[in-house]
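Should a chain be cited, it is by its letter among A, B, C, D, E, F, G, H, I and J, assigned in written order, with residues numbered from 1 in that chain.
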Amino acid sequence: MDFLVAIEVNWPPSNDERQKVELIAAEAARASQLAGEGVLVRLWRIPGRWANVGIWHAESATRLDEAISSLPMSPWLDVTVVPLADHPSDPGRAQA
Amino acid sequence: MDFLVAIEVNWPPSNDERQKVELIAAEAARASQLAGEGVLVRLWRIPGRWANVGIWHAESATRLDEAISSLPMSPWLDVTVVPLADHPSDPGRAQA
Amino acid sequence: MDFLVAIEVNWPPSNDERQKVELIAAEAARASQLAGEGVLVRLWRIPGRWANVGIWHAESATRLDEAISSLPMSPWLDVTVVPLADHPSDPGRAQA
Amino acid sequence: MDFLVAIEVNWPPSNDERQKVELIAAEAARASQLAGEGVLVRLWRIPGRWANVGIWHAESATRLDEAISSLPMSPWLDVTVVPLADHPSDPGRAQA
Amino acid sequence: MDFLVAIEVNWPPSNDERQKVELIAAEAARASQLAGEGVLVRLWRIPGRWANVGIWHAESATRLDEAISSLPMSPWLDVTVVPLADHPSDPGRAQA
Amino acid sequence: MDFLVAIEVNWPPSNDERQKVELIAAEAARASQLAGEGVLVRLWRIPGRWANVGIWHAESATRLDEAISSLPMSPWLDVTVVPLADHPSDPGRAQA
Amino acid sequence: MDFLVAIEVNWPPSNDERQKVELIAAEAARASQLAGEGVLVRLWRIPGRWANVGIWHAESATRLDEAISSLPMSPWLDVTVVPLADHPSDPGRAQA
Amino acid sequence: MDFLVAIEVNWPPSNDERQKVELIAAEAARASQLAGEGVLVRLWRIPGRWANVGIWHAESATRLDEAISSLPMSPWLDVTVVPLADHPSDPGRAQA
Amino acid sequence: MDFLVAIEVNWPPSNDERQKVELIAAEAARASQLAGEGVLVRLWRIPGRWANVGIWHAESATRLDEAISSLPMSPWLDVTVVPLADHPSDPGRAQA
Amino acid sequence: MDFLVAIEVNWPPSNDERQKVELIAAEAARASQLAGEGVLVRLWRIPGRWANVGIWHAESATRLDEAISSLPMSPWLDVTVVPLADHPSDPGRAQA
């Protein structure tokens, strides 16, 4: 099933800059893996914020939780999950 | 650009049932047209509510507003729009 | 998977009293069916309100949405759904 | 009586990692005891967050407060308690 | 155990004035009974609103729910319940 | 007049533990004095939180403010005050 | 003591226009009386809304509640009261 | 001084359609007058809602309130006003 | 024009106590000057909080902003400003 | 298209004062460049807060996000973006 996942990054500006750069790279690599596994389906930035919103796909909330917890930035993330049900008018149904 | 659009239907239970059925059919037809024009990209139901969340695509907020206003149920809708920016890790970028 | 489902009944006091009695009976009958199917797992009243909170079980948000929509009082319900993930310390895991 | 208890863990990412591991183990041990005493009835993770929601059982709010205060992570927890009343359609009533 | 109960009356100004007077009298009579049974312990008006806050005493949320539901104005009430635990510094502990 | 006073303690878990123990003792002593003066009337714990709600009695908001400010933990308290008006159905009116 | 009182008028546009004119006149007359009694001290409009905020003076929340309830538009008002304590830097202290 | 004014139109879908059309025309005419007087400076639609946000200019909140109250749709509007102070980096300062 | 200004002081309890005493004295001195200039009109404490609410008078939001920014505690203040319009029933109009 | 952008600066009072002065100067310089590019259209201060609200113009949310991210104070900013659609009564349409 699909989930709408909104993620806000709470990274204190006083934190180490090098750690930040490394975490962003590791985060992108893990996101790429999750995309390859079909878990991360779409992802957008929220303009003006260090935040994103995405469409995730997982068998259950347990699997989704494991995927989000696997993100290297996980301890700094504030995550909100909305479960999604199929809509008969969804243009993307044919593709899936 | 893409928009995250959340729609809640405020339809009083005491309203005319036949009008409701007709509006739902007209809404589905218009949604199909907007999908065909590439404006409505994805659509999900929010479980347990007469509500949906979707990904819409439009050149600007003005065009998006025209598309939403063209929905037959428009006077009964409570609509929230979040503008979306491209994310480098979006798996759907290649497709678009 | 499990869902935490909070339901508030928005029934205007001026509505027909007989319809109210009939709907409550129909609602209890449907709840009993959903319990028999393993969809409705636990249910409590929120004290002082015409509202309840429950544990529901469904394969996906789509199935959960169908179950909630099947409630006779559905047009008068304000429903909030929280997806639940397994917790290693859940005492109920052995039973399930 | 039953209580719905939502717990959010406010653990700063900069805190000591070893203390975190020890506290999580101690927390699980105490949760197991509370389950054995019939105080902790069910427990789920909120996907994407270091948070959980559970069904707790205690004679009164005073006893519940003592149980929650006994959790090793208590100083870092943000806890919300909702008192629950019996519902005639609760499928779990027969078991209790 | 004790509960903090906040009650807001949602009575449309266009409703029948005679019914309002009768309900207020019936409400006072029922409140007096609940006070006599030791369920309603203290009651105050929220200044400027048709609302009150009170201390209620009941064996459980189930008994409290029954007491509140027995109020004649119940269909027009918006009720919020906070469960209360004993505090070692409560001056009223000796009395109870 | 009476006031409903809700108090939340914002004590960082990383603060000095000995200072915490001393402050809690001093707080209890001051609460006892305020009870003796008839300012602190009732006090309950909010289950699961380092928080309480109480009924306070003071001639005015100015006197109430002085009483609350005299609490040793005052700099760490988040306090909300609701002014209370007499209710004709208050069972405690005879006592006062 | 002083109170900050915010009042919002919930008057349905579909209500009788003549009643509205009469109520506004009666409201102004009553406000004038309350000003003469020293209960209504200052009053401002919230720009763009049928709402006002004012400084009221009363011996207690009970007296304030009586004053607000005496307003002819009282059934249509949504009132919020904030109790005020003296401030040593208040320029108006000398006058009072 | 400038004000940020957000306006939401609360027009029940069941209201008379002809009155709606007339009011919209009258609203546009009045908006044009206010623009000519320099009171209405900029105006945008909030996409998907019958709502707008604008920059208004008035000598004081009293004058702004008069301007907003002069809108024909005023009884159906929910208006929020934010006072604005000059910013040294405002590109529009030279023009004004 | 008049403004309703609510100020909350966010002063960490761990901050230097001497700096706190000095800032409070400097704040009182500046408040006295602003009162002398007719900018600060009335000021009250919010009971139980390090917070106040006041009536301020300034030609515009720009002048008000300058006055508030001139407070020595300004970096620790959380300030909310509500613009006020004249009310025909304001008892204080004759004085002004 | 136009965007309404609200920015709140979260700068801890304990931070380095010299860095603050330098960042404010760099911020003003970057704002001036963005104004020259037609991205920053109008800007106001929110009175009493280290915050501003402005009208920004960008081809898309992606371009807007790049512009906001280019601000030197970006790591300390809490930014909220509202997409704006053209309004037929906008007095500024002729200019644009």
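By definition in this document, a residue touches a chain if its C-beta (ideal position, glycine included) is under 8 Å from a C-beta of that chain, and two chains touch if they have at least 3 such contacts.
Please read these numbers as outputs of a predicted model, since none were measured by experiment.
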- Higher number of C-beta pairs in contact (C-D or B-J) found for C-D
- Message: I'd like the Å distance between the centres of chain E and chain I, where a centre is the mean of that chain's Cα atoms.
- Response: 39
- Query: Between chain D and chain J, what is the separation of their C-alpha centroids in Å?
  - Reply: 44
- Would you kindly tell me how far, in whole Å, the mean C-alpha position of chain C lies from that of chain B? 27
- Each of the following residues of chain A touches two or more other chains, namely 2-3, 45-47, 61-62, 64-65, 81, 83-86
- Message: Under the stated touch criterion, can you name all the chain pairs that qualify?
- Response: A-B, A-C, A-D, A-J, B-C, B-H, B-J, C-D, C-E, D-E, D-F, E-F, E-G, F-G, F-I, G-H, G-I, H-I, H-J, I-J
- Query: Which chain C residues qualify as touching chain B in the complex?
  - Reply: 3, 5, 7, 61-62, 64-65, 68-69, 75-81
- Task: Note which residues of chain J are touching chain H in the complex, please.
- Result: 2, 4, 27-28, 31-32, 35, 40-47, 52-55, 82-92
- Query: How about chain C: which of its residues touch chain A in the complex?
  - Reply: 1-3, 60-62, 64-65, 81, 83-86
- Query: Can you list the chain I residues touching chain F in their complex?
  - Reply: 11, 13, 45-49
